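As written, the chains take the letters A, B and C, and residue 1 is the first residue of each chain.
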Amino acid sequence: MPDLDPKRLSDLIDQKSSRRAFIARASALSIALPAASAALTACSPNDKGGADSTGTGQAATTGGGQDSLLHNSDSRLDSAVLKGQHGTLSATPDALRGAEQTAFHRYDPVLPPLATGGRVQLHWHAREAPIRISDDTVVAGWTFEGDIPGPVVHCRVGDTVEFTLTNDSDIPHSMDFHAAQIDPKVAFRSVLKNQSVTFTYKPKWAGAFMYHCGTAPVLMHIGSGMYGAIVVSPREPLPSAKEFVLVQSEFYLASVAAGVRAFDYQKMLSTVPDFVVFNGRLNQYIKEPIRVKLGERVRFWVVSTGPQHPCNFHVVGEQFDTVYLGAPPGTPIRGVQTWAVPPGGGMCFELLCDVTGEFPFVNHGFGHGQKGAIGILSVES
Amino acid sequence: MPDLDPKRLSDLIDQKSSRRAFIARASALSIALPAASAALTACSPNDKGGADSTGTGQAATTGGGQDSLLHNSDSRLDSAVLKGQHGTLSATPDALRGAEQTAFHRYDPVLPPLATGGRVQLHWHAREAPIRISDDTVVAGWTFEGDIPGPVVHCRVGDTVEFTLTNDSDIPHSMDFHAAQIDPKVAFRSVLKNQSVTFTYKPKWAGAFMYHCGTAPVLMHIGSGMYGAIVVSPREPLPSAKEFVLVQSEFYLASVAAGVRAFDYQKMLSTVPDFVVFNGRLNQYIKEPIRVKLGERVRFWVVSTGPQHPCNFHVVGEQFDTVYLGAPPGTPIRGVQTWAVPPGGGMCFELLCDVTGEFPFVNHGFGHGQKGAIGILSVES
Amino acid sequence: MPDLDPKRLSDLIDQKSSRRAFIARASALSIALPAASAALTACSPNDKGGADSTGTGQAATTGGGQDSLLHNSDSRLDSAVLKGQHGTLSATPDALRGAEQTAFHRYDPVLPPLATGGRVQLHWHAREAPIRISDDTVVAGWTFEGDIPGPVVHCRVGDTVEFTLTNDSDIPHSMDFHAAQIDPKVAFRSVLKNQSVTFTYKPKWAGAFMYHCGTAPVLMHIGSGMYGAIVVSPREPLPSAKEFVLVQSEFYLASVAAGVRAFDYQKMLSTVPDFVVFNGRLNQYIKEPIRVKLGERVRFWVVSTGPQHPCNFHVVGEQFDTVYLGAPPGTPIRGVQTWAVPPGGGMCFELLCDVTGEFPFVNHGFGHGQKGAIGILSVES
């Protein structure tokens, strides 16, 4: 298993975070920015590391260097990979700084209110930051807006989404909204540190859509935390309901210090996750359940960001009266115990809370569900 | 790979099965009953063993003891784990007793007749028992009613299901019916040895629903054999057909003696099964096919219990004229070669047998299908 | 991991390819043709190798020999396995001959024109051949017509498909069309070297159907390259569109020489692929995109041959306005970002190209997608 020998966190982060200093740390963690033509398959199985999926995780450097920093105009043609002697990890200085002091916070699952005036204006930052995912574990995250997942966006079909991403990180990043129909070569292009990209779109279909960093290797950027959900409600409102957003994702981790772990690219390629979670935390809605009242309708907008596995969504003791297979309200199906949301996909699940009780919602693929994807829906009188 | 050194079976079971004696066997297999607050995540990745999914399977004891036996009123707050020096196995004395003499029997795939009088009365026992899954392999099972899967239940929408579970085992167990809408904290609660739980419900939707033990860690209880199918027919009958039930499940096994294997929790977390089977036996319907007559309609109620993987259901040489995506007869789709039943889910497949021949039914994910999920549908003139 | 020590290719293929010589190479690669009753489970987990999915891959010989060559009348009752000291590999002499000189060619994704006169006449050969899947990798393939995938077939519902397979290989092979309703025991039976099988059928349903070799162990034959797509268009034409075929498959490989790799049965059982590709090549449609014009409708017929995993199909920067869940035009759903095509299944995806740009199409399960399942749809004005 590729992980660094645990060491004192201060050893890792006691250094300047300027790009020059960062790149210079070649012996421990080196940044590789492959030249244009090689980039989309950077860290692909063409590399020794990737091809040998059961191997040691010793990944070769994929070339690049200062020169390639100049070739960055095209989102599918740039990439950044951090490689240590034990593989490719997300453990950048920014992703580790202050890790031990990082507080746990519950990720609010409530769907935020609709944007007003038919317009959503977002200026987000891509940045690396430590995130506490349980009492005793912090991960070295790559994030949108400093959290995993990034913020939930909520608008309606036909609204205007004006989006700007500024990159605070030494690693190129980008934004790919599944709710947009737009040339990704332009809109979803990668930007370097302190640079920005802006684009505008109008969602055409309702649904729970994934967004994520699309910079190559996409697996590394999604796998290190750069994802979230945009919920697009139909113009004609769905039945009145309490609405929640659940983003399922997998964590593939190496140890970098006591209680601090980094996302591990070689492990991602093995597709056996350490944790599978809703909204970025292990079992967070067991301790503090999602609470609704008897008689209310509940609507879950479920996004499965992977990077690899579906969410086999199920509520213990309940049945979904409606799952929309197409853009809601399209193609509703009735009387569903469990339905799979594919990785990179999203679906909308509804149930009527006509019984009080504590109803666990789970990924019923329990080889994964048992790894952190369990919460409680509490229906109270 | 966590497995015990093969040893003579008599060494393992030559001891009293009383709870006291059983718990006392701490050095080989110890029972841990975590206290309430820690229980739902017992054996979760918070444990060393689970977090390190490629690790050695050395699971730490999660605490508990006699005291925690008192805290058992809540199905999501109790748990039981058997831990040996090589991991968590299902190899209890009861699950092994008489293993070598256990006979093979074919699991009848025919859908049993409907309950009469609109009422199903079931009094089942949770108990550990060895099950012969092929000529040369016996597994140390945790069961409902002494078989894997448990019995098939058949009723109609709106019928009354009166269910009682009595636990004959040292390990707490419970029952979770996916066909029920009911407070799981009460109805699906765990019960200790010689105790019982009773609940009543009326299925609201038609379909092929999973039932299973929901005691934490759920992965261990499902993975060790505690599952089955309840088929709920719609009030308005579906087209006349020969009806069969297929429950697909995965076996993750360690060796405990020659020809005797135990379910292995650490291996379940790795999600690479040893066997994938229909109705609990390897390829049992090759030797003794499912037989129907030319011109008959066949209806398969397929439940995928996992614990992790879907069943990509396919019949070689045939096509389904109907797969119901919602509760039958809801949302039929036509002309289907293969459809995935998610883990924790169930679906209803129909085909018209207008050609004679021998038609293998398979999980067409052949990495799994090849591990035992192949049978024969024989259409005879 | 079971692979042969890299050695000079000439050492492997410098021998006669006659069956006698081939079978005689027992110490390096031996062919086993199990007797009838044992065959369908040949290389199943009943074998030592299969049962221990995390084991060493040392597969026992499953018996057979010259005698069993006589028992070959039944497709589900014959089998062929190549076993070396390191496991079961596809590295036959024919599959390796000329490997280093094999040229790369792009697999044409364009749906071929419909058969004329309502009749498709095909005489194909099963044969082993090296296939270059990237600049630096050649695989020892088992093929239909010398390529992986085999040729795309295109007809309409109710057309007549007359098919003959002649086997040029020492290993028995067969053909299973998912578009056919026919007795597989007869039509899909295995044939020995220089023998042929012929059958005729009329597809009843529209769709993208898999075809594959069904000789046991099916996993080995599918996993070694014997698959492809037959597209059955409905009688009533779908909306005018540019139509493409994408066959997703997984490669599980061992090294046999520098740059030459063989399909590895034990690795297939582990279900972690080295490569996941569209139309048999790594990322081939990045270098040479699929090109359409602004305003055109694009229809992708996507077949997922596995052998194990689904294709979570997604187009970056676009949304499918239509995915047909049943036989097209049946059960269309609207506004889809990603949908899973199960292994052994096929589906039809449509989008309207109303924006110019470069739109990557991917398997959005990026643990797999990153292993080669990325291409570009270029929409040009």
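Simple rule for what comes next: a residue touches a chain if its C-beta (ideal position, glycine included) is under 8 Å from a C-beta of that chain, and two chains touch if they have at least 3 such contacts.
Just so it is clear, the structure is predicted and the values come from calculations on it, not from any experiment.
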- Rounding to the nearest 5 degrees, give the angle of the rotation that lays the CA atoms of chain B over those of chain C. 120
- Query: In terms of residue numbering, is the interface formed by chain A and chain B classified as same (over half shared) or different (under half shared)?
  - Reply: different
- Rounded Å distance between chain A and chain B, as computed from the means of their C-alpha atoms: 33
- Note on the structure: Where chain B touches two or more other chains simultaneously, the residues are 270, 310, 325, 331, 340
- Item | Parts of chain B lying in touch with chain A, wherever the complex brings them together | 40-41, 43-46, 50-55, 76, 176, 178-188, 204-207, 209-210, 214, 217-219, 222-223, 268-271, 306-310, 325-327, 330-331, 340, 342-346
- Could you pull out which chain A residues touch chain B in their complex? 1, 134, 136, 253, 267, 270, 272-275, 282-283, 286, 310, 312, 314, 316-319, 325, 331-340, 354-360, 362, 364-372, 374, 376
